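By letter and in written order, the chains are A, B and C; residue numbering begins at 1 in each of them.
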Amino acid sequence: MKTLCKTAVMPVVVAAMAAFAFSGVALAGWEPKKPVDFVIMAGKGGGADKMARLMQSVIEKHKLASKPFIPINKPGGSGAEALVHLKQKAGDDHTIMVTLNSFYTTPMRQPGLGVDVMTFTPIGRMAEDTFLLWVHKDSGIKNVQDFVKAAKSAGNKWIMAGTGKGQEDQLLTNFLNKAYGLDMKYVPFKGGGRVAKELAGKHANSTVNNPSEQLGFYEAGNTVPLAAFTPDRLPLFKDAPTFRELGKDFVYFMQRSVVGAPGMSKEAEDYYRDVFKKVFQTEEWQGYMKKKSLQGEFLTGGDLKAYWQREKDIHQKMLKDIGEI
Amino acid sequence: MRKAELVMAVVMGLFSAYLMWKSAELPIGWIPEEGPGGGAFPFWLAAGMLVCCIWIIVRCLRRTSTVAVSTDQYMDAATLRMFLLVAGSLTVMIGLIHIVGVYVSTPLFMLFYMRYMGGHHWLPTGVIAVGTPVVAFFFFEISLKITLPKGFTEPLFYPLYDIFL
Amino acid sequence: MEILDHLIQGFAIAFQPLNLGLVIFGCALGLFIGAMPGLGSVNGVAILLPMTFLVPPTGAIIFLAAIYYGAMYGGAISSIMLGIPGASTAVATTFDGRPMAMQGLADKALITAATASFIGGTISVILFTLFAPPLAAVALAFGAAEEFALMMLAFATFIGLGGDDIPKTLFSIFIGLVFSAVGLDIISGQPRLIFGDISGFLHGINFLVLAIGIYGIGEMLWTIESSKGDVQISQATVTVRRIINDLRTLKDTFKSIVMGSFLGYFVGILPAAGATPGSLMAYGVAKTISKNPESFGKGNPEGVAAPESANNAASTGSMLPMLTLGIPGSPTTAILLGGMVIWGLEPGPMLFIEHQEFVWGLIASLYAANLFSLLINVAFIPAFIWVLRLPFTVLAPIIFVLCIVGGYAPTQDMHDVWLILIFGVVGYLMRKLEYPLAPAVLAIVLGPLAETSMRQALLISNGSFMIFFERPISGPIMAAAMVLFLLPIFKLVKDKFRSREAT
């Protein structure tokens, strides 16, 4: 009797469960089943880390996702560790990553990793960070002409402080060296905050920091922006001309994007795209972008891939120029 | 003791040599106007390790250190058995984490340790073996939001996440 | 006294009922996070960040300060009770805290640690209140050359920490330094020492991995061997009378506490240095100026008092470069910096002028957190003692599991757990042969700081070593380090001569 009951009931239960599961999908689409690993391709306290934690907080505040996003820092090997981790997570719907320009440069400099970033799932470009050329106020340098004169006479005693080797800051330093015939010495430090301090403490002569890294000292009047690596002048630094205005057509941005593991399911991809699009539109994110002089529209899908391809080619060329690859 | 001292120094000496060889993948010399190359720091320190190992070996052979002349046994049979049991069970536990996850492998380890090694009663053993992972789940996953590895038992936790997160 | 007004205002905020509740809850939570091997204040502060949107910013700051201090106190608990430093700042506390616990004096060690932390915190808050702006200028003047000189001084102060066996002590220092080089060489941007091309080595060998391996797994194996199975490792007891008595004998350590507080604070304000070198140097100095230095490492309360007062003082100190210069001196302050971004605050020289209420609210709540951590800590001492009295065959598996889970949590990588096991087993085998292992653990913390700053300075000077001696701040520090390095060698030679003459 008992078994009979069971056999009779079972199909009903299964059918009911299937119907329930189906209706859930139909109503809400794909939802994460567990906390989402939110990998950060850089160390704690850096620009990427701050942004990732801001995104996480915005998601939590506005309840944009049903499960928490858990930040995990994987700074190893200029992001190599994070890239390999994501590659190994191929097909995983619960791993996404905040990325920056080492997304292009690290796989080129370490071909042994076997990472092809074009296979990663494009979720969203949240912003493009800008770069400026900075000097200390006490140096008396007011414009790029003064800067070139001073740096030329100092030769390789002119110290340019930056973050990382073979990455953004060094690429920009190399551009300046070539464009103006300089021989500045590039000294890598750990983190943009540290670089800003080296300049404020006069241990370095110049930097090419992001505004967010140098803002504190700028507001205190310690450091001065000379020129911007952007197509147009930045609203925050109206007095600093662009290099384009100065006759050197050079524009450089740092992407702040979110990517998913390769081979992520279409449903999950749509879900994350939707979440980050909402994050992008929040007051908090827009306010942050304005305050830190970030630029760029929300980019996703094929557009983001096309953007990556373009940037990848540019970086390949720049790395070849400085002999890093 | 003397034999163990020699073996350890030789093994560590070989390890130092390996470290030196591995460090030499990057320039180990002086780069003009820049300072030491990327491999110099670990290379010369590993060389220092090697010198220390040779020093220890020489001292051991000349019997000029206390360990070199000590007649105590390095590990008696009882210690060896204990060491192998503990280190072995730890290895098995960590290995199992990859397959069945933390929440299955740690209770098994604790059961084994307390019941077999400690000879405690089933009741306290069971309570602690089950209690620890439960506490760990709430402490790490719920309050600290740190996910622990679960291997193939992962789907079993989905309902828990739905309830508590 | 404008500053004092600000501080009083800060206190008024910190002692509102809601905020007081947050302080007490935060301190208690922090205490448990800190007492967990592997987890420290950084994890506590990191989980709080998303909450900062849910409670008002002042409440968030207060909660965060409470977790920070609670975890700092908690770090001492695992150092003393289990012999496993929960964070690099608590390594020096194990040197004497662990022996004290083994002698049944765990309650005394815990009370000494808590009181020393409290005094260290108090002194540093006062120093912070009075001298923040001029000290910010000192921090700014610290470049790569100065940083390297300071690291040399730190190495010099604990050169006497190793055993009597010179080649084995040197070996231990060297292997720690080589391990610290694993990962990325930031000067050349190249990965190095990636053994077997395993990607886990790309993030380097974390201090915690070595510390949990050696002090957690290795020390447990050692205890299992020496106890031969089922005994209690400690005959600890606690009564009210004992606690009062412990408090009374604390005055003997007063000198160390005050010294540790000042030293810790000044080292803490230097960018990139943080609380770890501060606590190590305090231990070294306490040993040097002590009347009986040979009692250190065998359970001298001063050896607990000095590093504990220093690391709390340094935590307050490391707020200074974070707030005024925007440079995190430690991983915890790095996360705090992220929090400030979320609150829309710009760290930097203007923060003290434009957001005084934030700065002083934070400082006042640090102070309140300090007080409550002390009270909560003392209240929990009987519970900790009870844990120590558990049979060892119950305690051991729990500690092993804590080591494994705690080792996994910071990087969430099983690679690190395997490394912990290997370090533990090899460390145990080496310890049996009287290799001192503390120097390796210290070296892995200081190694990267020393190497990077040295090479940065040499890049700046075009390869000339004179940069370390010519500059006004690094010169004297370097000279002091040289003297400290040469002192023991000189003494050794002298002793040898003397013993030769005697025979």
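Side notes on the structure shown:
Just so we're on the same page, a residue touches a chain if its C-beta (ideal position, glycine included) is under 8 Å from a C-beta of that chain, and two chains touch if they have at least 3 such contacts.
Here the structure is a predicted model, which means the values were calculated and not measured.
Nearest to the common centre of all protein CA atoms is the CA centroid of chain C. Most remote chain with respect to chain B, judged by CA-atom centres, is A. Across the two interfaces under comparison, A-C and A-B, the one joined by more C-beta contacts turns out to be A-C.
If you average the Cα atoms of chain B and of chain C, the two centres end up 22 Å apart.
Rounded to a whole number, the gap between the C-alpha centres of chain A and chain C is 32 angstrom. Chain centres here are Cα means. That of chain A falls 36 Å from that of chain B. Residue positions 37, 68, 156 of chain A are each in touch with at least two other chains. Looking at chain C, residues 187-188, 190, 412, 459, 462 sit in touch with two or more other chains.
For chain B, residues that reach two or more other chains under the stated contact definition are 33, 145-147. On the chain C side of its complex with chain A, the touching residues are 42, 46, 49-54, 140-144, 183-184, 186-191, 194, 197, 199-204, 271-272, 321, 325-328, 331, 333-335, 337-339, 341-342, 344, 346-351, 411-412, 452, 456, 459-460, 462. Per the touch definition, chain A reaches chain C in the complex via residues 37, 43-45, 49-50, 53-54, 56-58, 60-61, 68, 71-72, 74-78, 80-81, 84-85, 109-110, 112-113, 156-157, 159, 164-167, 185, 187-191, 193-194, 196-198, 200-201, 203, 213, 215-217, 219-220, 222, 287-288, 291, 324. Within the complex formed with chain A, the chain B residues making contact are 33, 141, 145-147, 154-155, 157-158, 161, 165. Across the complex, chain C meets chain B through its residues 29, 32-33, 39, 43, 47, 165, 167-168, 170-171, 174-175, 177-178, 181, 185, 187-188, 190, 192-193, 195, 217, 220-221, 224-225, 228-230, 391, 393-394, 396-398, 400-401, 404-405, 408-409, 412, 414, 417-418, 421, 425, 428-430, 432-434, 451, 454-455, 458-459, 462-463.
Of all the residues in chain A, the ones that touch chain B in their complex are 33-35, 37, 67-68, 70, 156.
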